[in-house]
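Chains here go by letter, A, B and C, matching the order in which they are written, and residues are numbered from 1 within each.
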Amino acid sequence: MSVFEGFRFRHVSSPIHRLDPRVKFFYVLVMFIAAVMFYELLPLIILFILPIPFVLAAGVQRQWLRSLRGALFLASFLFVFNLVFGYLSPGAVPWGMWPLEYASAMFLRFLVLVESFSIFFLTTSPDHLSLALEQSHVPYEFTFAFTTAVRFVPVLAEEAQTIMDAQKARGLELEKGNFLKRVRNYIPILIPLIVNAIRRSLELAEAMESRAWGAAKKRTNLYVLKMGRGDLVFLITSIMLLTSAIYVRYFVSLPTIAMLLPK
Amino acid sequence: MIEVRDVYFTYPTGVEALKGVSLSIRNGEFVAIMGQNGAGKTTLVKQFNGLLKPTKGAVLVDGVNTRDISIAQLARKVGFVFQNPDHQLFSETVEEEVAFALRNFGFRQATIERRITWALNLLGLTEYRKTSPFMLSGGERKRVALASVLAWNPKVVILDEPTIGQDYQQKETLRQFIVQLNAQGKTVVIVTHDVEFVAECNPRLVLMAQGQIVADGDTKRILTNPDVALRASIVPPQITQIFHGLADLGLPTDVIDVSEAKKILIEYFEEERGKR
Amino acid sequence: MAIIETKGLTYTYPGGTKTSIRDVSLTIERGEFVILTGPSGCGKTTLCRCFNGLIPHFYVGQLDGELSVAGLKVTEHPIYEMAQRVGLVFQNPENQLFALSVEKDVAFGLENLGVPRDDIRKRVDWALQTTGIEELRERAPHELSGGQQQRVAIACVLAMQPGIMIFDEPTSFLDPLGAKKIFEVINELNKKLGVTVILVEHRLDLASRYADHVIIMDNGKIVLNGKPKEVFNSETARLIGVGIPKATRLCQMLQENGVRLGGVPTSSDEATQLLREVLKA
């Protein structure tokens, strides 16, 4: 489960945590666009290093690194794939870059995408997130479904463990048998899990109704998201980042490693 | 039968649930493990069938260290009935449900048939043999879970909080059933926080608090000891509370059962009447 | 003044073969602390769901008879309207909490009602204080113990300030000390705030001391309805298999042997007192 730790929110307070989720999400989008715009190693290295001060400011280094570690497997696969592909069909690699450079660039691009999402989820509480969704005019039914799902994830995980224990105590051996048998072994675990989830939703529905669900057309809210000065600064920075990236893409010729090395 | 030797256990989350527990349960004993929620009762009992292995110390079941055999092998000897039957039920019929464990343990088909019939009969579920367990009431589902464990005839039967959500009548039936099981030679361990239930069963009582055993022995002696009750944060049975308030009148304080209480009081009255 | 009145209430769940409650007629006065008990399957849970409108609006099916709660005919008002007058706390604490913080959960009902933000804040603060869980305000429900979760659930319902609160076996999953705490909170709501309380319970040993009205059901019908002492002391209660308080049982057994106590005890303190009087005499 360690790779998931790289995305789970932690109850810490830092300037990054306090930023409006909508602004943070815009930043993620900007990083996404910027990363996709470039094939060259240099800008991607910059994009990779850019969020590091934010990560440190938020105090989530360890978890962030864990998300990268999780992404490493797929990223390495991308690297190897692009490397091999680059050597086998040299025309496919843009601008006569070395396949090695290209493969490294793709590797980094993937990591940049993962790291941006990681920071977002690490520093945004699900509560904040649902509030942002609500204020962005997503219908309340959806945000409610989202928060309730997040709230019950640890509960369901625990229940899955209990069910596994209960069935193991009846002699179920999960690891035994060929592939087909092993898949079938999970039926005594999935069925109680699903049945209990359905029962649970029924109880939840009763509780919701009993607390006036659907009473008012316009729901009010205990919390409200207000954009502060920090949010504005961050937003402007993200916009500047986006415009810089577009400018560099179209008006600056970027050197490749091949060109930087002495002939 | 079950030996717990100075066991310590810490969960992966870092919570130390057992802090040096030692216990010996002989074959055929009837033991109740009591304590507040979080005292470590369920953690301890899960060591008996290998679901949890001690971080320090050892647990021996029938002479074998739980670290040396698999959970499935231990389960053959130690049956565990979980608190919520809905964590176990998954089959299309009650029959299939009871057959599940028997098949896992490699019983022959003919034996399986016999055992199912026997177990269903024992728990009064014969009429539901072909019914889906999901169609049954809460109490009936509890009985199906119990039947599915008894079917493979384990030497030890552990019941985790069997009285939750049960009404008085159901608890009485359960109590009589447990006593009968024990009389037939099974080692029975119940984990509960229901004081009145334990007072009526009168088993060997193991009282736990904060990961340690606080008292071990005679139910009556333990439940009527006010210091012990305080340490383990348990509420003594009503009868005990009543007699506690009458201690200065020379009445005994080690009473937990209603019938006994009646007898003592009647005798006291006769005496008083005789004196006058 | 009657706050709940039913006459001939009968209900069958959709697709159910037998009626869950049959010909139930009862009156509950404002400010009473009612204990509703009976063997499993007697219909007490069904009756509770009639009181707040889950039956017949959520669980459709055939509801016959008259039912008026807080002056409203339940069949004619949607659940969200009933929710402002009668709150329902369920058995499983975990499945009543949906939000990621206690504060947000307590605010949930008020948000649904469209209450202005400042009022929500005030009522949330009040509800947390009244149930004694101020310090749990920022915590996530999953981190709480069962007893704490149940107190949060009570606060959630309390925030809507209903005149009636129904508790359906709220202590099933709690240990005796946790159960005691919950009963104390419920009692405070009744005695200090005047909330009419209906408590469905099996643990009569712990709960009976608070009640001034007891209703016992069996097989969908009301079998006993009256003051706690009369109801618990009756032979019928014992015969249906209700777990009457041990103190009451002891008194009955003594009576069978010719020893009469000055009254009928339902708690251990009462029993001690009555016994002292007789023993000293």
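Definition applied: a residue touches a chain if its C-beta (ideal position, glycine included) is under 8 Å from a C-beta of that chain, and two chains touch if they have at least 3 such contacts.
Quantities reported herein were computed from a predicted structural model and do not represent experimental measurements.
Hey, how would you classify the chain contact layout here, line, ring, star, complete or other?
Shape = complete; every chain linked to every other.
With contacts defined as at the top, give the pair, A-B or B-C, that has more of them.
Of the two interfaces, A-B and B-C, more C-beta pairs touch across B-C.
What is the chain whose Cα centroid lies farthest from the Cα centroid of subunit B?
For subunit B, the chain whose C-alpha mean is farthest off is A.
So what's the Cα centroid distance for subunit A and subunit B, whole Å?
Those two chain centres are 46 Å apart.
Could you tell me the distance, in whole angstrom, between the mean C-alpha positions of subunit B and subunit C?
Each chain reduced to its C-alpha mean, subunit B and subunit C end up 29 Å apart.
Please output the residues of subunit C touching subunit A within their complex, sorted ascending.
49, 52, 54, 57-58, 78-81, 83-84, 87-88, 90, 92, 94-101, 103-104, 107-117, 120-121, 124, 140-142, 156-157, 160
Can you name the residues of subunit B that touch subunit A in the complex?
It is residues 46, 49, 51, 70-72, 75-76, 79-80, 82, 84, 86-90, 100-101, 104-105, 134, 148-149, 152 of subunit B that touch subunit A.
Per the contact definition, I'd like the list of subunit A residues that touch subunit C in the complex.
Listed in rising order, the residues of subunit A that touch subunit C are 125-127, 144, 147-148, 150-151, 154-155, 200, 203-224.
For subunit B, which residues are in contact with subunit C within the complex?
The contact residues of subunit B facing subunit C are 36-38, 137-139, 164-172, 193-196, 233-235, 237-239, 241-242, 244-246, 249, 258-259, 261-262, 265-266, 268-269, 272.
Spell out the residues on subunit A that touch subunit B in their complex, using ranges where they run on.
Listed in rising order, the residues of subunit A that touch subunit B are 159, 162-163, 165-173, 187-188, 191-192, 195-196, 199.
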